[in-house]
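Naming follows writing order (A, B and C), and every chain is counted from residue 1.
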Amino acid sequence: MVIQKEIVLRPRPRGFHLISGEIFPAVPEIKKIKAGIMNIFIKHTSASLTINENVSPEVRTDMENYFDKLVPDALPYFEHTLEGPDDMSAHIKSSLLDFSLTIPITNGEPNLGTWQGIFLCEHRNYGGARKLVITVYGE
Amino acid sequence: MVIQKEIVLRPRPRGFHLISGEIFPAVPEIKKIKAGIMNIFIKHTSASLTINENVSPEVRTDMENYFDKLVPDALPYFEHTLEGPDDMSAHIKSSLLDFSLTIPITNGEPNLGTWQGIFLCEHRNYGGARKLVITVYGE
Amino acid sequence: MVIQKEIVLRPRPRGFHLISGEIFPAVPEIKKIKAGIMNIFIKHTSASLTINENVSPEVRTDMENYFDKLVPDALPYFEHTLEGPDDMSAHIKSSLLDFSLTIPITNGEPNLGTWQGIFLCEHRNYGGARKLVITVYGE
């Protein structure tokens, strides 16, 4: 069985955002899957996905601060500057994080660890709505 | 055909550890698969997975030293400090590396390059046992 | 349906290279797939894959410059030095980027964002030809 859906996440401010609650309810059909996989893909190059700790908001703040220092906006040697100071840094952060996440489905539920949540990593100051493709396959 | 198993890796010290020999024997059913995919997922946010060179132990040492410098423990601006100095750094390293690996299966064997091995990246000083979910699908 | 092919990319200079045009034509069978997934796996530990902006060549240059500074060749503490100054740095960059990409297939086409392309990240000065395994599954 293959289930595939495209969803649109509302615009978010720059930073790391917990979106598990928008992903899993979008594919209620996973309840029928005993064993399988879910792939979540982001159709952008200046926002990305990751998994991380889903309880403490400080984790999201620390991630944002860390990645902003690791890949500063407007590095002096950047040549790709036309789309603003936060664009090339956003491309690099996206490649350091993930464009797609693949997670197991077991007995109709995402089989994540207790503290694992899905994060949208918005790297632009005004990134707008973000499109995801969710593909589930299993039996 | 979908095969799914959960395995538990024994506790390891902080560092990068070659675990190919614990992954593949756990799913002997892959011998029946002519073409497919294996997904290996770690159910934690302070340990991660990657693929790298499987012969030289120096590669694992250099990786550990590099990532420890890239993401130092207890950075002064971290707000998520309750679980100790190696916790927030572990979360960040996990997002820089991988929570899940997807590798091809061909003619009943993992179709990796000659020098590729699966690494457990243990980012905590005392991380404990680590749970993985292995999902294989193919025909 | 599972489709699996191994392809060989011609040797490229160190840097980031757009290879979408070599990936998708290699699996024309995806035209038959209404909904599914494509996994692209690189069988090496000193070259990697990522997705990024597919129009501006400056993005590829900026990525190369950024990653060369993030992971300098021949760091003084590296112990794995036998294969040259660009070898250990190549291993680390590969783990920071991706060994495999999983992208959705929808209505017979890769369902990427408008500006998304597949990059080969060649981290060695003389890396030689690079082998990829492409696996597609769907219905």
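One rule holds for everything that comes next: a contact is a pair of C-beta atoms (placed from the backbone, for glycine too) under 8 Å apart; a residue touches a chain by one contact, two chains touch by 3 or more.
These numbers come from a predicted model, not from an experiment.
Undergrad: Look at both sides of the subunit B and subunit C contact and report whether the same residue positions are involved, with over half shared, or different ones.
TA: Under half of the interface numbering overlaps between copies: different.
Undergrad: Rounded to a multiple of 5, how large is the rotation, in degrees, that superposes the C-alpha trace of subunit A on subunit B?
TA: Rotation angle, to the nearest 5: 120 degrees.
Undergrad: With chain centres taken as the means of their Cα atoms, state the distance from subunit B to subunit C in Å.
TA: 20
Undergrad: Spell out, as numbers or ranges, the residues of subunit B touching 2 or more other chains.
TA: Correct list: 70, 96, 98, 102, 137.
Undergrad: Residue numbers of subunit C touching subunit B in their complex, please.
TA: 2-4, 6, 39, 41-45, 70-71, 75, 77-80, 82, 88, 91-92, 94-96, 98-100, 102, 131, 133, 135, 137
Undergrad: Could you please specify the touching residues of subunit B with respect to subunit C in the complex?
TA: The touching residues are 35-37, 50-53, 56, 58-59, 61-63, 65-66, 70, 96-98, 101-104, 106, 111-113, 115-116, 137-139.
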